[in-house]
C-alpha cells in the first residue's frame, strides 16, 4: 500500500466528528478528544469491556483501593513495570510509572495557571489540594509553580503506593480515577516540551502518536513499551455466543496502527464507510432510512454487505430547563408543569432522532441501576387537556395573562431551528407563546453563567454510571456558574443529595435517588424529553466490537480481518 | 470605362439597408461600378449619401443588426464576395482589400500601441517574425510622414494628434500591399503638405504594385489630382460616373454642377459661398422620383422628375448620368418645359 | 508612478489600523469575551478570573486615560497589545487549542491554496472564454442555452453541487476519491472539489463577463480588427478581451486575497485541511487571536492587491492615469 | 512677441500670451517621466471681437492642443489666456462654468466626442439645461432649430451617434457648440468631413452668425481655401510655435515663411487640367519631443543655412506691413 | 439666412424627443420574452405584497403556513402539490409565504448596495485624489473584515433601533445589514469603469460645455456603465436570496418564518433521505425569478445599448 504504511500492518480507520483541540489529558473536555487520547493515556481504573452493568476494574492500579473506615482515606497500589513510552524527553532512559507521577499530574490539574477545564474533578474533594491551588495563584506563571510543595491528601507511601485523603466521604472518586483527566503524565515530558506539550502526548497506553495533522487526521502506532495487557476472559453470558470471547486472554492490542479521520459532514462519512474505508460508523441521520428498517433492524441491503448493527443506551438525558430565579417561571409551578404536559415527546423523538431515543420521564437514564421502572406514573406525560388546565391555574397565579416566554437555544443551525419550531407549536397548543432565542455556544454559556435566561434547551451525558452525576445538577450549591443551571435551590433536596452522595452503592441509596428524582419531577425545574440510544454499524472484518459508553480506549480490543477488508474494498 | 486594365472590383446593383426603429434606412440602393486594376476611383457625394456604407459592404463589415446587404453582387477578381465564406473573407480583408476608415480616432484600438496594431496585420498576412514586422511597421509609419516613428510605434492612439492617427490607419492599410485600397476620407485631418505627401505615396504604390484605389473624399481638389474615374453619389444612388477629366470639364448632373460651384477657391473673393439650395433628404423619407428633384432647378417643376426615377444612362463613352434632362442646357430645358405645358 | 506606489503602500498603515480597530471593537462590543469558552462548562469564578489574567483580558480595552500617556500603564491596553502583536507578526497561540497561530496558518495555507487557486484560475479562464463565445453568438441558440445553464447553475445552492458531485462522481462512479485520505496526493483529493467549485462558480462569472464583452463588441476598433483580416478568435481574445480587462481585473485580482481563506464548505465536505474553517470556527468560538491574525493578513493582502489592481488598470488601459 | 501685435490699443476679446503645453513622456514599468512632448511651446495671439483667426499648420503641430488648453481641458504648462480681460487660467471652478457658456469648442473627432448613449436631442440640448437657459418644449424647439441650421432634419432627434455618417456627426458637434450662443468658438476642423455643398452651408451659417452676433472664432483647419474664405487673420503653426502671422490678404498674397509657401503650393487644384508647380518638402518631419535645434523647420527647409541650425528667430515684421510677422532668418 | 438650408418640404411635426430610458422602455415593450419575464417578476412582487397585506390584516391565508396539512414528508400529491415537510406543513404555502421575506431582502439589499456602491465608485473614479483615497480606504477596510463578522455587527447595531420612528426589525435589519456591507464589489467595478472612460472625448466635450462633475458622472458616465450595474443587480439579487439565511442563522432577521433560503437550508438535511421536494420547490421558486430577472435584465441592457437597437 502507498502512504508509507508497511504491507503487513493491521490498521484501524475510525472517524471523528469534531476537531481535536488537545491531546493533553489534563485539559481534555470533549468526547472526541477523549476517545483519541484514551488510546495513549491510561488511568488507575477502567470499565470492564464486556461486563454489564458497567463495572470498574483496575488498569494501572494493582487492585481496587483499600478505603478507610470513615471513607476518607484511599490507598492504592500501582502495578510495577509500567513504563511511559520512549521519548527524547527521557534522555534515552526507560521511565517507569510511579505513585509520584499521579501526585504530580493531579497537582497540575490544581495549578490554576494551567487553566485546566477539569479542576471540577477534584474541586474541594482532596485534603490540601485546594490550598495548593490557592498557592499557585500567587505564582507569576505556570513554570514558576513548585510542584514539590507537599499536599496533605496526596501521599506516595512508597514508589508504588498512593494514598489519597479526602475532605469528606466521596465514593464516586473511583469513577473519577477512571476518568481521562486523572491519567498520569510525566513531569519530564511537561518540562521538556513546555508549551508544545499539546503536540507531544506521552503516556503509558497501547498506542503512541505518530502524526497529528490538525484539522485532518491523527495517526497512531503501537506502543513498543506497552505493558502486558490481555483481552478479558469473562463477560456477559451472551458474549460467548456473540464471539466476544474468542480472543480471551490474548495480548493486547491487536492493531498496529490507528487512523482517526476528521470527518465533520455526514455524507462523506457514510460514503467512506460504505466503501469500506472506515471500519465502523454511526448512522448519519440522513442515511437512517437507508440503513435501518422498520422495527430497528438493519436493512437487507446493508446486511448483505456484511455490516452489523449494534445499538446501546447512552447515559444521557435531554431537557428544557427553567431558570428558577426567573420571576415568572420560578414562582409559577403550574406553568412549568403545564409546559411539561404540552410536549409530545414521542413525536419529538420520531421527528428528530429517527426513534433513536427513549421517552424520558425523569432524569435518571434506564441504563443506570437506580432507574425507576415506575417513573412513568410520576412524570408529566403528553396531555394537552391537563396542560390547558394547568395554564389556567398559572394565569390565576400570575393574576392575569402570561407574557411571551423565551427559550435559549445553544445553536443556530437548521436542526435547532426545527426544535424551536416544534416547541413553539407545542406551546401554542396550550395557549402559551414562545420566543426562541438562537445563539452560538459561547453566548449561551455566558448567559448560563449570568443566569440571564428564562428557559434553555440542554442535556447531560453522565460521566460515570452513578445517578449522583445527575443529582448534582440540582444541588443548591452548584447553581450557576456551576452545573446547576436551573438555579434550583431546595434545602430538602440538598439534604437528601448530601446524604445519598456519601453513601456506597446500596439499595437504600437507590431508594434515596429515586425519592430525589420524584421531588424534582414534582417541582418541575425542567421538562425531561428523552434518553439517548446509540446505533453504530461496523463491517464484518471488525471483531470484538462491543459498544461501551463509559470506556474510551477501545481500539486495543478490536481485531481486523485484513483479507476480508481487502476483498470488500476491491469488490 | 473602356480600358485595357482588367476589372479588379466590380459592384453590381448593391443595396444595403438598415432596419432601424424609425423605419428602413436604404443607405445604398442599386449601386454599380467597376474599379480596374491599377486605377483610382473617387467616390464623392453628399454627406450621408452612402459612401462609407458602400465601402463597408465591400468589406462585408456592415454591422448586423441593424444593417444588411439586401441585394447585389460584389465581384473581386471575378470572385463573388457576398457568397464567400467567412474564412475566405478573412484572407481577403487586410491582404487583398484594405480599408482606411473615416473615423481614425475611434477605429484604433485604444489599449494597444499603434505599432502593435500595425505589426499584427503584417504578421497575419506576411508571415514575418516579430522584429521584421516591427521594422516594416516603422518603415510604413515613416513613409506616411510620422515623425520619429521609432518612438511613435510604441505610443497609444490617444497620445497622437488627429492627423497622426489617420496616418496610422493609412499605414496599417498599406503595410500588406493590398490589391485594392478603400480609402474613406483618408486625408481629412491632414495638412496639405502631408496630404500631398500621402497622395504621392499612394500614386507611387499604385504605379509600383498596380494597386487600385477606391478613394472616398470631399475634397474635389484631391479628386482632380488623383482620380482616374469618379462616381458621384446622391441619396444612396449613383448620380453620375465619369472620368475625372470629363467630370470637371463638363459635369452633367445638376447635383455635380452645384457641387463644383459651391467649392471655395483660393484667391476668389466671395462674400458668401454658393450652396445647393434645399435640404438633404432624409434616407427615411426619400422623395419620390428623382431624389434630387426638390433641390433641382428643373426637377422642382418637372412632373417626370417628381414621379419617375431616372436610370443611369451613358451619355458619352465612360460618362453616365442619372438625370432625365442630362446633357440639355438647363435654360433650354426650362423652355422646353414651358412648351410642354 | 513610483511615488504613487509608495504613497499607496503607505496606506497600508491607516487601513490596517482601521481594520484592526474595527475588528477589535466588533469583537469586544459585539461578541463578548472568550473566557467562558476556555473555562469549560463547570468553571468557577476564580478560574475565570485567572483565565482573564492569563490572556490579558483584564486589561483595559483601550488606553487607561486616568494614567498619563508617558507611563507604561497608559499603553498597556488590550488594543495596543493586539496592534503590537500584529506589527511584530507574532500572533501568539490560539485561545482554543493553544497551538501557535503561525503554525496553523502555515499548515492550512497550502491545502487552501491548492484548492482555491486552481478553482479561481479554472473559473476565470473558462468563464471568460465561454463569455467571449457567448457574446459572439449573441442572440443565437448557443447563447440562449449557455445563459440558461448558467442561470440554473446560479440558482442551485452550492451545497447541491457538492452533494451531487460527491455522490455521483465520487461514490457512485468512483471517478474521484470521496474524501481526503492520507495516502492520496494533493491533486488527487482536490480534483473533485476544484471541479465542483468551478462548476458552481461559472454561472455567475459567465453572466458577468458576457455583459462586459457585449459592451465592447460593438466598438469601431472591432471593425478595424476584422478589416485587418483577423479571425473572430483573434479579435475576441486579443482586442476585445484587453479592452474588457478592467472589470475582469477588478473581479479577479481582488478575489486573490480571499483565496488564502479557502473555501469553507468544500473543505468540510472533502476533508481538506485548509484555512476555510479556521476563520468561521474562530468567530464561532471567539478566538480573537486567530481572527486578529487572519484579518491582519487579509488586510495587508487586500491593500497590496488593490494597488496591484490599480497598477494593472494603468497597464492594460493606457488611458487610465494615476498620479 | 513683437510689440506691434501686443501693443494694439484696441481691446481684444482673446489674448493668448506665451502659451506652453507639454505632455510628459512616460516609460518603463513604473512609468517614470523620461521627457516631454512640447506640443505647444510658446504661442501668442490675439483676436478682436467679431473676427476670425485661422490656425493652420502641420498635422501634429499642436493646434488641437492650443484649443483644448484654452478651455482648460488640458492644464497649461505656462502662459496666460485673457478673455474679455479676465485671466481664464486662474479662474475658479465656479467661474469657469460661467465662462464656458461664452467659450465653446467644436471637436476634431466628431464620433468620439459624442456620448454613445445619448440621443442627438440630449447632446445638442444639454448645454441649454446645464446653463439653465431653456427646458422642455422650448429646448426641443431650439434643438430642432439648430439641427435644421446645420442641415439635419428633426427626424434625427432621437437617433444615436453611431447611426450617422461621418459628416452628419460633425454637424451634430457644430450644433452643440452653437447651442449656447457663445461669444468665442474654437472650431477644431469643423468642416473636414463635410462635402463641399454642406461645407459651404456651414461656413455661410458661421459667417452669418458672426455678423449677427459678433462671434469670434479660432478656426483650426487644413483646408486653406476654407481658411482663406472665413478668416480675417491667419496664423501658421509649425512644431508647437507660430511661424507666421498675418492678415488673410497678406498671407495668401505674400507668404513669407518657407513653410507657409510650401503649404500654399501644396493645395490640390480642383481642376485636372491645371497642375501647378509644387514645393515638395524634403527630409524628416521632426518630432515635438525632440525638436531640432535652431529653427524647427530647418531640416526640411529649402533655404536653410548655418544660422538656422543654431538659432531661432522671433516673430518679426516682414514685408510691407508690420502686421505681417514671420520667424525666419532668410526672409526679409 | 436666406440661402441657409430650408427644411424638407414635407416636414412633419417634430418627433418628440426621448431620453435613453424612455427609449429603452419603449423598446422593452416590444420584446415579448422580456415582457413575460417582467410579468413573472410582477407576479412575485404581487405575492410578496399579498403576504404582507395578509399579515397586516390578520388574514389566515397564507399566514397559516404553520398548520399541518398532512403527515410528515408527504411526497407531492393532490392535496399538497409540493408535498409536506418534516412537520407536515404544506410546502406550497411555505414557498408562497417565503416569497415575502426573500424578495424583500433581495430587492432592498441589492438596491441599497447599488445606491451606495455606484455613486461612491463613480466619485472615487472620477474625482480621484483625496476622495478616491477616502473611498478606497473605506472599502479596503470593509473588505478585510470577515464578512460574517461585519454583517453581524451591522445587524446588531441596527437591530431594534428606531430611526425616524421606523422600527428596524425582522427582515429590515437583514437587508439593511446586507446592503450596507455588500456595496463594495459594485463600487470597485464602477470605479474601474469610470477610470477607463473619464478621459474619453465625450467627457472632455461635456466639460468644455460647462457640465459639473456630478452631471458628468450621472448623465454621461454612468449610462455607459449601466450594463455593469444591471448585471450586478441580477447577480446580487440571487446571492442575497441565498445569503438571507445566514443572518437568520445568526439569530437576526425573521427567525422562525420560512424564506426560500431557510427552506433550502433545512431541506438539505432531507435531501439525502430522499425527500427532494422541499429543496426542489424552493430552488424552483428561486430559479424562476432569477431566470425572469436575468432575461429581463439582459433585455434591458440591450435596450439601453443604442448600438443594438433594431426591429
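Each chain carries a letter (A, B, C, D and E) given by its place in the written order, and its residues are counted from 1.
By our rule, contacts are C-beta pairs under 8 Å (C-beta built on N, C-alpha and C of every residue); 3 or more make two chains touch, one makes a residue touch a chain.
As the structure is a computational prediction, the values presented were derived from the model and not from experiment.
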The chain pair joined by the most C-beta contacts is B-D
Of all chains shown, smallest offset between own Cα centre and global Cα centre goes to C
Centre-to-centre distance between subunit D and subunit A (centres being mean Cα positions), rounded to whole Å:
91
Whole-Å distance, subunit B centre to subunit E centre, using C-alpha means?
50
CA centroid of subunit C to CA centroid of subunit E, Å
24
Which positions in subunit D are in touch with at least two other chains?
109, 111-112, 148, 151, 153, 155, 158, 162-163, 201, 204
Which subunit B residues touch at least two other chains?
20, 22, 63, 103, 105-106, 158-159, 272, 275, 279, 282, 285
Mind pulling the subunit E residues that touch 2 or more other chains?
3, 5, 7-8, 15, 199-201, 268, 271-272, 305, 307-309
Could you please specify the touching residues of subunit E with respect to subunit A in the complex?
66, 72, 86-87, 249-251, 255-256, 262, 265-266, 268-269, 271-274
In the complex with subunit D, residue positions of subunit B that touch it
18, 20, 22, 44-49, 51-52, 102-103, 105-106, 142, 145-148, 151-152, 159-164, 166-167, 185, 188-197, 199, 218-226, 244-245, 248-249, 258-260, 262-267, 270, 272-276, 279-280, 282, 284-285
Interfacial residue positions of subunit E with respect to subunit B in the complex
3, 5-10, 15, 27, 199, 201, 307-311
Okay, in this complex, where on subunit B does subunit E touch?
19-22, 63, 65-66, 105, 158, 272, 275, 277-279, 281-282, 285, 294
For subunit A, which residues are in contact with subunit C within the complex?
1-3, 5, 19, 21-22, 29, 112-113, 115, 117-120, 123, 137, 195, 198-199, 213-217, 219, 259, 261-265, 267-268, 271-272, 274-275, 277, 440-443, 445-446, 449, 481-483
